[in-house]
Structures are given as structure tokens and as C-alpha cells.
Amino acid sequence: MGKSRTSLSWDRLIDFLLPIVAVLAALLVGAVLLLLLGENPFTAYTVLIRGSLGNVNGLTQTLTKMTPLLLVALGICIAFRGGMINIGGEGQIILGALATTAVALAFPTWPRWILLPVVLLSGALAGAFWGGIAGVLKARLNVNEILSTVMLNVIALQLMNFLLRGPMLDPEQIAAGTNIAQSAALPKQVWLTRLVPRTLLHSGIILAIVLAFLVYLLLWRTTIGYRIRAVGLNQSASRYAGIPVRSYMALSMILSGGFAGLAGAVEVTGVHHRMIEGLSGGYGFSGIVAALFGHLHPLGAIPASFFFGALLVGADKMQRTVQVPSALIVALQGLVVLFVVASEYYVRRRSRRRVAVNPDEPSSDEPTHLGQEVIGV
Amino acid sequence: MKEFFTVAVLVGIAHSGIRLAAPYLFASLGEMVGQLSGVLNLGVDGIMLMGAFAAFYVVFMTGNLWLGLLAALIVGALMGLLMAVISVTMGAEQGISGIGLYLFGLGLSSLLFKTMIGSVESVSGFSTLRIPVLSELPIIGPIFFDHSVVVYLAYLMVPVSWYLINRTTLGLKIRAAGQNPEAADSLGVSVNGVRYITVIYGSAMAGIAGAALSIGLLNVFQENMTNGLGFIAVALVYFGGWRPFGILGGALLFSTVNALQLWAQVLGLPIPSDLAVMLPYVLTIIALAFAVRQVRQPAALTKPFERGE
Amino acid sequence: MQKRTIWLLALISVLILVIAGCAAPAAAPAAPAAESGGEAAAPAGEPFKVAIVMPSTITDLAWSQAMYDGLVAVQEEMGGESAMEIAYSESMFNVADAAAAIRDYANDGYNLIIAHGTQYGNSMFEVATDFPETSFAWGTAVDTGKDKGYENVFAYEANAQEGGYVNGVIAALLDESGVVGVVGPVEAGDAKLYIDGFATGAKATNPDIAVNISYTGSFGDTALAAEAANTHISAGADVLTGSAQQVVGAIGVAKEAGVLWLGTQSDQSSLAPDIVVANQVYDWTGSIKDMIAKIQAGELGGTVYTLTLENDGLKIVFNDGYATPDEVKAAADEAIQGIIDGSITPLAE
């Protein structure tokens, strides 16, 4: 018995290390690209690691970047577990940020203890609404959510363009005649506390980590969570078991959108203090990657979004310091994603072999292979 | 304000709509074949960019358009091979591998552009081919028979794809692999072999779609020139319900409404431009929700296949 | 299998050691420097360090390239890399990333940091508060934060409407069909100024001319910009113009259709030498040089630079490959003079 325990944890360690090997392999390919560009890969990667983790400045940037990634990833966990592919994070973030801004500006005199929760909640609700459109369309009218979320992203972007140039345009900008597309600054009492002076790191990171635990409880300790996962795993069985499948499909999209909306709210209140263009900046997509790196597990999403945030921050530093084109960084990110997702193959093979050798071992509650059970609709 | 509903304007809208739909058709029809066999490839946009660059570069260096098209096809197929290895053989999560492929293509095409060309240049691409006699017909002539060669090619792909899917043995195997891979396997169909073919084929089509932009319609290459067009192409596959003519309808609807909003702006209709730009996206969702008969997706879509013991 | 596992672990350890080995010695001396930040005034003999954060790329043939080309020109004039260092961050469409970049450059002791987009303004001011010894510049903007106590921020803008007006005059004179078309990106800022100026200039030259304007809703939607150009041509336009990096698609279409093009922001002649008539080129070199001179004299901000035809920040560059009729050039010169002496207002009220 004891022996099998050790070999089990040994196996687990290997499973844990495999993605890291994958990242290293991707960086190795990246090193070849760097060499071709005439750069020293060691210098470049030293900057990447040191820049994202090696000092206070880099570390705070990583954590700041991790915050929206984690929030979006939590929403993605819920949606994908519920069998819904939500690629509408960008639009949901924008809607959340717009609503947060509008509400905060509408009630500038409210005290912090009321206003801050209210604005964060309105951001989440707006995101939930935007995600809910896709969810309800899927549940009621069978409109595929990939299609609707792709389209809703563009619609949200144009809505933002429209609002920031008209109804929500900063009155100061109108008065000055400069018309820079941004809203007025939010009242100071909704600004999230900055945790480290002279950095952007704000208390949103704490909120995000707490929520990760709550999402874990939601998904694995409540009936609602159980049903969301059941619908994601097997719709017809769920229907047979009396779960209102359609409602739960819509619900998982609503919750998912809510978290993306909250990410938008936190970016506005924590980082920018007003609504601006370029606020969502790809978090809707990177959040998916972070969630999948974390095996669609809310707690796994914490280290995964930290890691991915560090990679993004470090890569930007690499661009600045070594002065490689930003395009190389994008390609490198793509390689990392490809290699890590491919490394799952070995994790799966090993886990299957374990089951074959030792049929008593409980098959994992969290499927190592995320998609095939979870996403299949 | 000028007259909007004149014959000339309506002809113009239809003409624009048909041309705008061409790149979507290549990409969506290719993606459709992959999805029918059970593989969702979200990386279309990145593959298009690689194809667009490959075609542009070859034409820029040699001036030979067909060689450019071939280069796009090969580069697209290679990207497809990468996708197939990761998603079919290694059974990776298709949503995420597609995003990885997209980022890789986006980055690599820009990087190659920066190192191999360096500044925005133009080439002379496929020119307009007026079809004799037919293009002289009133209304119909200017709408349908006055386009670039790549546009005709795109529309030709619709019946070709239909035939491939519905009238060939390969098409039967493709659908079987996507509907019931276990049964297909028991009948001796190599499910993963079929999926390799479809993913590579679909990616080659995406490469051509990129070439249609860089050497057919725009005649320039610029970093990230597709601007997310490939994602719309994936969405249109769902709109079309995995049927070539359904995709044709979706692509035409989306593109024609886009042409319509451009014309509305050009003629000075008093609509805020931001809202006008939204129009095709909104209408596509509404049309799918209320007007289009929807089809169930292939049962094994996104599910990797591994032979049971 | 055990063997393979051990192999893997060994490989990982080696890799980690290698990376750690590289990182450690370099990290030690660098860490305090990164934290001290703000000692920006370069001692004599050291190059003047300029960093720029931009939304697009240095090869976009538009907004970002115009500034980058300006920096490179100044660098050459000052005597190359030993006299002036340029660092750039491209494709910073995510503003939080741009904010991080601006802060890093400040930490790294750059003398002048250019936030090349209005959307970066807030982030830049925040960093400027923490680094009072470092100079910042942003545009297009007119706010140097003087009234809020900032003394280390420059602002710059381009009177895009001026060249827009001149381009409008040229377009109206070359136009034969009575219709000209504009391919706009998003209806705001620099692009809107240019387009409004263009329409004013065209109408002033030919009151009957139709100036059709469309926006694509994006700065980078090259395909839609191309179709917009097609639409304008179908609607009868025989001279086109447009703004932002997306226009390369429209120029490709114009070239194919043999329709004339008027450029802005950067010189776009090379893309289609047969049909590009003239470009309004943003020449930031004067502004950059003045900023550097001021900084070296200890004045870290407070000035607003405006590119105008008068101060040569805006230049109308005719394409030699296209034989522009002399009377058109004369009319353009007349318009330029009129704008400079104030007899022409390039924006219709």
C-alpha cells in the first residue's frame, strides 16, 4: 500500500512537470528563432524570467496581469465545464467595464462601502447580461455559442466606440475640444487600493483569488455546480436525471460572462480609473488559455494565470530590452500554447496506463483531458 | 441625402457583397470539411495570415500569381499538418490548440514580413476577369460576371465542396468520422487518417483565403491584415449548418449587409458609423436565431478519437 | 518507464540550472538599479535615451511609422546610436501593457518616453508623477498637465486638417466625376480632423463636389477598407483618400482600379507610384529635436507641439512618379499659403 502511494505521488509529480517541459521545449524553438534573428537567446530568456519574476517591479506587473486573466479564466472554467465554449470574453469585459464606469459616474457621492460593491456588481451583471445573450440564444433558439460570442465581441467593441465618442465622452474632453475617446475619471472612492506604491498592483488580485475558491466550492460543493458539470459531461443523461438542461446551459454562460464582466470592472477600478479604449486588450482570449492550462479547475487557474501572466509580462520585457519585434513574442506565445496542450497527451497516456495497471485507482474527478468529455455537446 | 434605393446602388451592393464573401467562402468551406470529420480548427485566422504572406512573398519575388497561390496552399497545408499532429494524433483540446495555432501564425507571419520584406509593398495581383457575353447582361452581368479570378474560384468551391461531401466515398468517410467514429472504425475507416486529410485540406483552403486577400483583392500584405476575419469564417460554418450552400448563404448575408452599411455611409445616410459597422454582426445572429433552419452539429465534433482496446 | 522519468527529470534540472546560471549573475547588480529609478539626467558623453510606446508597428505606413521615422532621422542627425538611443514597443493595443512599458522605460533611466497614443495618457501621467526627473511626451494631445502641477510632460498634436484641406483642394482639381471618396477608420481624433479638413478643402474648391465618407470602425481592418474603396469607386469616386494603417488595402484597390490617391501621416507613394498624387507627411523631427534640446537644458516638459504647415511639421509631399499638373501644384501652394497666413480656415464651422 505504502509503496503504491509513493509511486502515485511520483506520477503526479511527473504530470505536474510535463507542462513545464513543454514550455521549455517551446522556448527552445523560440531560441532558434532568436538565433535566426541574430539575438542571443540566453540574454533574451534571462530578461524574460528576470523581468517577470526577478524583482518587485516585474512581480507586481505579473500579478496585475494575472488579475483579469484569473477572473476571465474562472468564468471559462464554469462555461467549459457546463459544455459551453465561451470565446466572447472580450465583449463581456467591455460591457462590464462600460457598466462599472456608468454606474460609478452616476452616483459619485455615495460612500465607498456602498458604491464600490455596487459598481463591481454592475460590471459583473453587465458581463453576465452579454454572456447571457449567447447563453439564452443557445438554450432557446439553438444558436451556436461560438458564432454568437464571436459576433457579440465585435458588437461590444463598436458599442464602446459609439459610447466613448458620444454619450460617455468625458465632459472635460468636450470642454477642451480635444475629444479624446475616454470617459470622465471615476470618483476616488471606487478606486481599488494599490498594494505596492509606484506600481499598478491593486487589491483586485485578492478578490480574484478568493473568488477562485468560491468557484471551486460552487462547482464541486453545490447542487448548481454539480448540475452544471453534469450537463457539460452528458446532456442526455442529465436530461434523463431531470436536470433542466437548457436553463443550466444558459446559466453557465451567464456566470461565465459575469466573471469576465467583473474582470472589466476590476480593470477600470483598479488600473485605469476610467473607461478607455484598449482596455480589454486580449484578456478574453488569454483567459481561455489560462483556464485550460489550469485543467479547467478554478484552483488550477490560480497558478496557471500566474504563470501565463508572467510569460506575457516577461515577453514584453524581452521585446523592450532585446528589441526583438513584438511579432516574435506573439509567435512564441502560440508555440507555448501548442506545446503545452500537446503535452497533455503524455499526461493522459500515463494516467490511462496507471488505471490499466491498477484498476482500483479512482479515476480522477477532474478529467485530465479537459475537452473531450467536457466540451463535447 | 442621395437616393439610396436606385438600381445602380443595389447592383453595387450585390456586387460588393459577392466580392467580400469570397475569402470567407474559401476559409469556411475548408473549415466545414474539418468540422464534419470531427475537428474544430479555431486557428483559421493565423493560417490565413501565413497563406497571405506566403502568396504575397512569392508574387513579390517572382511575379507569378499561380505560384503564389500554390505557396499559400502549401503553407496552409503545413499549418494544417501541425494542427493535425497536435489535435488528431495527440488528441489535444481543439479549442486551445486552435488559439495556439492562431497566435503562432499571427506572430510568425508578421515576423517573416518584418525580416523578409520590411515595409508595406504592393504587387499586381489577379485582375478582374469580365466574362464575355454574360457580363454584358443588364444587372446580372455587372453583379456576377465582373470579378477577380479568385472570386469565381471561391464560388466554384461551393458545388465542389457539396460534391465532395455528398457524392464521394471520401465524403461519406468524412461524415462517418464526425458522426460516429467508433462505427466508422469498425467498418475499416481510418478515422484519424480521414481527419488528417480534412484538417490539412481545410487549412490549405484557409491559406488560399489569405492569398485571396493579399494577391487577389487587396494586393498588399500588412501585419495582421485579416483582423479577425478567420474567426468570422469559423462562425459562418455554424451559420451554414455544415452545408456548403448554407455557408454560401451565411457568407453572402454577412457580406451583403456589410456592403449595405458601407454604401449607406458612402451615400451619407444619417447613421452613426459605429452602429452601421455593427449591423452585419447583429443581423447574422438574428438571422440564425429566427430565420435559418438549424442543423445538429457533427456528434463527434471536438472529440479526439482513439481506438478502444 | 522509470528510466524515462529519470531522464526527463535530469533534463529539466539541467535546463533549470542553465537558465538560473545565466540569470543569477546578471540579476544581482541589476536589481538595485531597477529600484532606484528616476535618475534620468544623462551625464555628458552618454547617449540620450528615447523610448516610444506605440499602438501599431514601425512599418504601418501611417501613425506609428511617422513618429518612428522622425526619431530615426533625429538620431542620424545627432550622430547615430552613440549620441541617441531609441527603444520602441510595438503593437501595444492593450493599454495596461503600455502602462507597464512606460513605467519600465522610466525605471531603466530613459530620458524621454513617448506615449504615442491618446489612450495612453492616463497611464503616462501616473508614471510621470512617480518619475519627476524623467520627461514624457504624448499625443495627439494638448494637455501637459501644467495646471495639475506636472512639469515633465510634453504634448504634441498635428493639425491634420491643414494638410487635409490641401489634399481636398488637390482632389477637387483632379476630380472629373464630381465625386471623391474618403476611407476613414474610427470617427474620432486625428482621422476625423484630417477628413473634415479634406471635405472643407474639396468643397471650397468645387462647391458642387460630393465628398463621400465612410468609416470601417477599426484602424486595422484592411479588407473592409479595401471594400470601402471599391464602394467609393462604384459610387463614382475617381479620387480617394483615407487614414490609419488600414488604408494600405484601399491603396491596393485604388491602384488596381487606376483611381487617384491622396495620403496622410506617412509618405505612401512607394506603395502605388502610379496613382498616389501627394501625401501629407507628419514630420516630427523638429518637435523631437526641440524636446531634446529643452530636456538637455533642464526643461523637462510643459510645451505643446503642434505640427502645422507653417512650422514645416506638416509637409505636402508630391509623388514624383505621378505627373501632377502645374496648375494643381500652384493651387496647392496657394492653399498652403492661405492656411499659413490665416486667410483660409481649414475646418468649416
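Read from first to last, the chains carry the letters A, B and C; within each, the first residue is number 1.
One rule holds for everything that comes next: contacts are C-beta pairs under 8 Å (C-beta built on N, C-alpha and C of every residue); 3 or more make two chains touch, one makes a residue touch a chain.
If you're wondering where the values come from, they're calculated on a predicted model, not measured in any experiment.
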Shared touching partners of chain B and chain C are A
At the largest C-alpha centroid distance from chain A we find chain C
Between A-C and A-B, more contacting C-beta pairs sit at A-B
Expressed in whole Å, how far the mean CA point of chain A lies from that of chain C is 32
Taking each chain's centre as the mean of its CA atoms, chain A sits from chain B at a distance in Å of 28
Residues in chain C with touches to at least two other chains are numbered 57, 186-187, 217
In chain A, the residues touching two or more other chains are 158, 161, 165, 325-327, 330
Among chain B residues, those touching two or more other chains are 110, 113-114, 223, 272, 274, 277-278
Note: in the complex, chain A contacts chain B through residues 33, 37, 80, 85, 87, 137, 141-144, 146-148, 150-152, 154-155, 158-159, 161-162, 165-166, 285, 288-289, 292, 325-338, 341-342, 344-345, 348, 369-372, 375-377
Touching chain A in the complex, chain B uses residues 42, 46, 82, 85-86, 90-97, 99-111, 113-115, 223, 228, 231-232, 234-236, 238-239, 272, 274-275, 277-278, 281-282, 284-285, 288-290, 294, 297, 300-304
Touching chain A in the complex, chain C uses residues 5, 8-9, 11-12, 15, 19, 22-23, 26-27, 30-31, 34-35, 51, 55, 57, 87-91, 93-101, 103-105, 107, 118-119, 121-123, 130, 141-143, 186-189, 217
Per the touch rule, the chain A residues reaching chain C in their complex are 10, 14, 17, 20-21, 24, 42-43, 45-46, 49-51, 54-57, 61, 64-65, 157-158, 161, 165, 176, 178-182, 185, 198-200, 267, 271-274, 276-283, 312-313, 316-317, 319-320, 323, 325-327, 330
Seen from chain C, its contact residues with chain B in the complex are 57, 59-61, 181, 184, 186-187, 210, 212-218, 220-224, 226-228, 230-232, 234-235, 245, 248-249, 251-253, 255-256, 270-272
